[in-house]
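Labels run A, B, C and D following the written order; every chain starts at residue 1.
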Amino acid sequence: MIRVQREDFDVGTELAKLAAGNHQVGGIASFVGLVRDIAPKDSGAESAMTLEHYPGMTEKRLAEIEAEAHRRWPLAATVIIHRYGRLEPGDRIVLVGTASSHREAALESCAFLIDWLKTEAPFWKLEEGPEGAKWVEARSSDDARKEAWKK
Amino acid sequence: MIRVQREDFDVGTELAKLAAGNHQVGGIASFVGLVRDIAPKDSGAESAMTLEHYPGMTEKRLAEIEAEAHRRWPLAATVIIHRYGRLEPGDRIVLVGTASSHREAALESCAFLIDWLKTEAPFWKLEEGPEGAKWVEARSSDDARKEAWKK
Amino acid sequence: MKLLYFAWLRQKIGKAEETLDVPPHVKEVGQLLDWLESLGPNYATALKERRAVKVAVNQDYVGLTHPVKSGDEVALFPPVTGG
Amino acid sequence: MKLLYFAWLRQKIGKAEETLDVPPHVKEVGQLLDWLESLGPNYATALKERRAVKVAVNQDYVGLTHPVKSGDEVALFPPVTGG
């Protein structure tokens, strides 16, 4: 299940849905991404950010990434929720949840989904730092983590 | 944080605590283990289980495993909750949650904790199957997953 | 052809989207980028660092030799930073 | 010495715990298991498959050559299956 939305989400509720009515699920793995405060500690300020995305393509890419996880692992259910708009430190950005009979499948596919999403889903972060707004640069370590899943 | 208890727990609440008041946390990984129904589909029955544990040693081992995770990864906070007593299919058994500035650290330490807990924490499952109660046998694949973390 | 710009490409070009009549010699993504650069200094500045420009045609990631044609939705944006 | 039994070891021996005066020649875990086997058929049956018996002394996992002494808490149980 894919959702792209401005609103916050409830982690417990979303994860519970993954096993609702399915008693073959033995494990649910999840990852929640939060906005980190990048302002210097002594600045007294907190650094918000704005997430821009490409409506339409975002949903399409996320659905493809989710389908790829289901091809690779025996998954009972998955959820990807990604927010956009203005977010403050501590706010939830993204939830990835995977449910399977086997904990290995749940854990590995959860890591796979967040790694792929980071390099595939068309989102861009504009951080409000102490010296003004700045677009976050992509990290080569994220590309490396994605590439590792191709092996 | 370690808890060994009969009562259920609220996943959303427990995970939110890991980042409460700490805006350096960028990611929270978690694993929830659930009771699977092992009764044959056409039996019409559901298979409950009873978890026995070794009070005192359980808490001690879990605290040691948690400390080992903090030694290996830069973690802001961790939680391990494990239930005991009688549980029915779909019931939550265990929660492992890890919070870090870095998603790699959160994801890897979460997998580490559940893998180690499976082979180290003194719990034993008695399954009520269609042919009576039966102690679950340890899986060699669990030992193998634990050994892999020693490399 | 519908053009979409995101993040700092949107800011540098100065608009989020536009519909353009592309000349007939523009048949591939690389040719489209070259032609866009010729439209003005805002485009030239935005597209200068070509390595940092990712392209999607009809919402799929594509390379510089991918064909483009009238009616396509072509998006230009920097490497993604979600999650 | 305080002995604790868990899971099927508890069921086969027929009790969850007991306090025993262990003879002086019992100085290691392996010797303790041998001596326990001699206490009756329930112990002998429970401890027969020695590979399946894990031992903790004072709540730490130990091997067969680990020392035991009066006052120790010694637990016998099968491989764990939690999580």
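A few points about this structure:
Please note the rule applied: a contact is a pair of C-beta atoms (placed from the backbone, for glycine too) under 8 Å apart; a residue touches a chain by one contact, two chains touch by 3 or more.
The model shown is predicted, which means the values in this text are computed figures rather than measured ones.
Under the contact definition, chain A and chain D share the contacting chains B.
Ranked by how far their CA centres sit from the centre of chain B, the chains are topped by C. Distance from the chain B centre to the chain D centre is 27 Å, each centre being the mean of its Cα atoms. Per-chain Cα centroids separate chain A from chain B by 23 Å. Here the CA centre of chain B is 48 Å from the CA centre of chain C. In chain B, the residues touching two or more other chains are 33, 103, 114. Across the assembly, chain C contributes 83 as residues in contact with two or more other chains. Remark: the chains found to touch one another pair up as A-B, A-C, B-D.
Chain contact summary for the complex, chain D toward chain B: residues 4, 6-8, 56, 59, 61, 75, 77-83.
Partner chain A is touched in their complex by these residues of chain B: 10-13, 15-16, 19, 23-37, 46, 89-90, 101, 103-104, 106-107, 110-111, 114, 145. Residue ranges of chain A in contact with chain C, taken from their complex: 33, 51-54, 56-57, 60-61, 82, 93-94, 114, 117-126, 135-138.
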